[in-house]
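Here the chain labels run A, B, C and D in written order, and each chain numbers its own residues starting at 1.
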Amino acid sequence: MNANTFGRCFRVTTWGESHGRAVGCVVDGCPAGIELRESDIQRELDRRKPGGIYSSKRRETDRVKILSGILNEITLGTPISMMIENVDVDSRPYEELKTILRPGHADFGYLAKFGIRDWRGGGRASARETAARVAAGSVAKKILGIFGISIYGFAREIAGIRCEIGSVEEAFEIAEKSPLRCPDADAEKEIEDRLKQAISEGDSVGGVVEVIAKGVPAGLGDPVFAKFDAYLAYAVMGIPAVKGVEIGRGFEVSKLKGSENNDPIVIRDGRIGFASNNAGGVLGGISNGEDIVIRVAIKPTPSISKPQKTVDFERMEEVEIKIKGRHDPCIVPRAVPVVEAMVAMVIVDCMMMQGLIPKKISL
Amino acid sequence: MNANTFGRCFRVTTWGESHGRAVGCVVDGCPAGIELRESDIQRELDRRKPGGIYSSKRRETDRVKILSGILNEITLGTPISMMIENVDVDSRPYEELKTILRPGHADFGYLAKFGIRDWRGGGRASARETAARVAAGSVAKKILGIFGISIYGFAREIAGIRCEIGSVEEAFEIAEKSPLRCPDADAEKEIEDRLKQAISEGDSVGGVVEVIAKGVPAGLGDPVFAKFDAYLAYAVMGIPAVKGVEIGRGFEVSKLKGSENNDPIVIRDGRIGFASNNAGGVLGGISNGEDIVIRVAIKPTPSISKPQKTVDFERMEEVEIKIKGRHDPCIVPRAVPVVEAMVAMVIVDCMMMQGLIPKKISL
Amino acid sequence: MNANTFGRCFRVTTWGESHGRAVGCVVDGCPAGIELRESDIQRELDRRKPGGIYSSKRRETDRVKILSGILNEITLGTPISMMIENVDVDSRPYEELKTILRPGHADFGYLAKFGIRDWRGGGRASARETAARVAAGSVAKKILGIFGISIYGFAREIAGIRCEIGSVEEAFEIAEKSPLRCPDADAEKEIEDRLKQAISEGDSVGGVVEVIAKGVPAGLGDPVFAKFDAYLAYAVMGIPAVKGVEIGRGFEVSKLKGSENNDPIVIRDGRIGFASNNAGGVLGGISNGEDIVIRVAIKPTPSISKPQKTVDFERMEEVEIKIKGRHDPCIVPRAVPVVEAMVAMVIVDCMMMQGLIPKKISL
Amino acid sequence: MNANTFGRCFRVTTWGESHGRAVGCVVDGCPAGIELRESDIQRELDRRKPGGIYSSKRRETDRVKILSGILNEITLGTPISMMIENVDVDSRPYEELKTILRPGHADFGYLAKFGIRDWRGGGRASARETAARVAAGSVAKKILGIFGISIYGFAREIAGIRCEIGSVEEAFEIAEKSPLRCPDADAEKEIEDRLKQAISEGDSVGGVVEVIAKGVPAGLGDPVFAKFDAYLAYAVMGIPAVKGVEIGRGFEVSKLKGSENNDPIVIRDGRIGFASNNAGGVLGGISNGEDIVIRVAIKPTPSISKPQKTVDFERMEEVEIKIKGRHDPCIVPRAVPVVEAMVAMVIVDCMMMQGLIPKKISL
């Protein structure tokens, strides 16, 4: 529960401001003996990178450098330090916002907390920090891969339009090819219309990201406080723009009866399983062997060019602003790999807490 | 992020099984110099206690004993150990469930994790553990009171029926007199009908609890991972039966545009404030001085007397069960003080992390 | 690194004041499936209990009650709460010290920190708190026993008289029968003379406790900060009256040359081992498979009846005091099981961090 | 108590291998509003840098880069990432040690723990890692300076020769000009003779480092486990080559009587103080306002060119080695700023835990 460090056994510390020299992370607690290349990290970073037609026009290469923790592309069990230099920095549009609080942004909180804020591109509160999370998450995914666990994420809803999906794997495959990470081609068209409309109005839209983890063993999570779902909620609510989290059927369960919501328990292939998965893979705060299903509500990007009422905190007067700079009109597609990264870290950490991942993976 | 301990500066460890000798907690990190009596704790425990017409028929007095940390009703700054003895224990109805997994319950997870489970009344996974949380939360509330911070909780929705509210204080006052903790008398009638219907069918219903904290200072929460809302999400998702968490407008924001969702910033009484509170008092993971608004989805009680399909894990065969014992047909009313308690702990802990609460309160 | 909680995976929280209702602890993280009886705990408590000819005249039965975490004498993996009621409390001799700082005691620090202190028998700072540590340590020892690890402690020096030892097991056996926990009968006589002399003068003496752990696997400890020896140092320096800690040859190594201090590495029974053990079983902060050897310096009991200069903090004037009450003229013998307890907790916790102890021990 | 992260409020994570691309650290929890320049860090790094006549011939410039956490040389309250590139790397002398365990080194432990080790220059276990600690410690010192707290370190003993000192400030001043960081010119000559002798024999020597902190407020440290002295012991025992730690009179107290060891309490300038400081500024695990005095035993550098018996772990046979490479024949002088750095971090962290350092220092 430390500010910039996440995890207990698999511990990730991120650092860096949006317009500073670089962003990066230190991954402490990765087992020794795992093959790890910069290309493993790069692949995931490229999924988060700006550049799509519906994303920020900032042109970051997001090129990662591994600075420590590895010898001949094998992890040593020591901290893996990774750095992504900020290349395409343009702080000029922010000059005029130096003393102005952007509505929907962290500006006021940072001022209240620290008495100072980095006004350049959102500073530490910028979603650029999530590049470091994705870098760390790609190490977590690499570990999960060894244990046959996969993470699938996609947009479940954008601008109020819900995507319907078939199998998880299929949904993921479709979404990966979609500029909006939509797993449903029909819904995608409608979404594009709404999104273009919002862009033309200088506005933005929100949505819902869904992430599913397959192959997660039963028994993860530490009751009573550090439950698996509590830990997941912590992990994803800490992603910028997230305002809600639900597991399995989530808020819908409040409208169900016990007889509708309880997942019947069955014997399947000689093992205990569940006939449905309303629980989203977690019961009593412990994973039950079914798919982990988590959804997060993403708010519309607060940076919009529509005029907004706010305050100049130095002159202490109310002003109207139109925000310039390069912003995503919808952050949902780029949030997908970030949510995946956080979910991957939680699973790895819980597996380590449960003694399921050794400190040394045999070479 | 430890199993049975919550918090960083204000640290609460709970212990105890539903049908063991007692449940209890140790509160470590409470400032010295605060007046604290058993009656302060008892008042809150009584709000959680079973006994209403719509709750479990187990008759626990929930009488708390303070065992340490206090001299002449003043806190010493040392751990406050509290114990609530289990008085009305009847494990007989559980005998026949010794080897049977109850659907919707933690049984399977505990077995997967620990290889053993306390079958008597749900053991550690029983909501009885939350009595210890409420006891600890009442200490947190006592501290918050010194700083003019109040916590209000009530049922926002039960069985799909939504309660409308006026002012928060008023809603709280109405709810405290309602056996269902409903802040809306009209909705309450409908809810009662549905609840009676469910009871008659041997079924159960869920709902949504809302908690609002007033007077919380701006600046709480530690970016980037230990954000205020992330920490709140962690705290409440770890309460039994919770499947979803949202802050402010929550999931609704996914359907809004940026121009609709951003709260305009204004000058109010010479200070910076917000014209609306879609954010629920948290921006960028830091409290912004507005009311903290959090809602949690509570699933229908899994223990129902309707027949259910499940597995006898010793004989490894599918069986049908009807659950006996004394269960709440709707856990929402009794969950309210538990959610309040967790929210109170988070606020106290974050204030301490921010240096806003001294280790010694002057006498 | 929390005030009253020790450990990461095996977490012990102690509570209680010397003259309060009780002292106790909560052990969180103990694996499930271990046989544990109150008698296992009691045996260790009896080793620490006052009552010898050279110890405090307070007559505590130190009877432990296990309140949770166990079903039919098998651990459940849930928190084990233990309580030891304070029976023989006599606060009268402390009445006159209410406003007086006892030299060598924690009184001033508690006042500076908390603005209040429990003047009755030392309150939380009393060595009585260590009964709770011993209770928790006995659970750790039980776990270590399963893995063939044994902990041996004894007085290595008292009042400046050094004890010579043969084998560790033998030294332990002798010491267990000695009222001073001396492993050397000749030295013991000399020590008794000095101790009687000190008692007759209303004075007290100090000493050195040595603890050796046999069977500890190589690979424990987490570089670079949470090294095995750093963690041991943390554990034992936190015991009341400890002013120094050393591992292996300890301070002596500062006078050696590299060629004298380095332990040659050899092949022994087909495995890698060390020809000597100057390192005390830890190299580079990681256990190396040899005996863990730790020594702690114990200061003379500060409570003496000789007149001492000090301050009455309420009247803010210098005064002279003679301390009454029931005190050990030498705390070394009773400190032995406390040091053992802390060492046992460290080893268990590090083994869990290394994934060497499963969450469930098969029944 | 995390492997590569130190601290609770002021949290330092170090990373990097001796012959990797760089070493570095992330300082999380530094208050906002503090002036901080690379030159502040560089000054301390230069004190630790190799280059003296009695130190390693490796020629590292140890040039630090601040990568984040700062805007216009003012801290932002966000993580301060610092990097020191490894410039003068020569791994050739280590090639022949790839499969050989160096006596007195961490090699065997790393193998036992991780199944792999970076054989190049000691990898993560190299004292090069301490450059990152010194960088972080210089931030801690900067904070302490604001509160009038100073840290003084020097060699108290080398090769069995003890240094006598007058005032602490004077001792520090002399030591800073000495290539051996000796505060006593007479002792220094003797030490030089012994050191030259050891060098000529291909051997090494050890010693004792003393660090004194002046101006530390009373009330630091969190009983009962996270005591101030326990935390200090943890901090410094984790420094490479440290085998013992003592506070105040340390091991000597074991030979004293209570009447000799207790520091009389007096009124001094209208405030409570102590007439002597055997306690080294800590009583009952809480700072008492007197100077903090800590000493650590440093073992002789294990890398010596004298022939030594050891094992080739791949061929599993005993071999004899003479270690080449560039090593300090005595690590004591360069250890001084490292011990200071760790002590500084502990004090800052404890002051933050006690609420004595705000999150924002007013500009």
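Please note the rule applied: contacts are C-beta pairs under 8 Å (C-beta built on N, C-alpha and C of every residue); 3 or more make two chains touch, one makes a residue touch a chain.
Note that this is a predicted model, so its numbers are computed, not measured.
Enquirer: Shared touching chains for chain A and chain B?
Expert: Intersection of chain A and chain B contact lists gives C, D.
Enquirer: Applying the document's contact definition, name the chain pair with more C-beta pairs in contact, B-C or A-C.
Expert: B-C
Enquirer: Can you tell me which chain lies farthest from chain D, using the average of the Cα atoms as each chain's centre?
Expert: The most remote chain is B.
Enquirer: Roughly how far is chain B from chain C, going centre to centre by Cα mean, in whole Å?
Expert: From the centre of chain B to the centre of chain C is 38 Å.
Enquirer: Could you give the separation in Å between the centres of chain A and chain C, each centre being the mean of its C-alpha atoms?
Expert: Computed value for the inter-centroid distance: 46 Å.
Enquirer: At which residue positions does chain D touch at least two other chains?
Expert: Counting only residues that touch two or more other chains, chain D contributes 2-5, 8, 14, 78, 110, 113, 124, 219, 223, 354, 359.
Enquirer: If we count contacts the way the header does, which residues on chain D are in touch with chain A in the complex?
Expert: Result: residues 2-5, 11, 13-17, 20-24, 26, 28-29, 32-33, 65, 67-69, 71, 74, 76-81, 83, 110, 113-118, 120, 123-124, 359-360, 362-363 of chain D touch chain A.
Enquirer: Contact residues on chain C for chain D in the complex?
Expert: The touching residues are 1-6, 8, 14, 101, 103-110, 112-113, 124-125, 129, 157, 159-160, 198, 201, 203-208, 217-227, 229-235, 237-238, 240, 242-267, 270, 272, 275, 279-280, 282-289, 297-304, 306, 308-311, 313, 316-318, 354.
Enquirer: For a test of understanding, state which residues of chain C touch chain A in their complex under the given definition.
Expert: 8-9, 78, 219, 223, 352-355, 357-359
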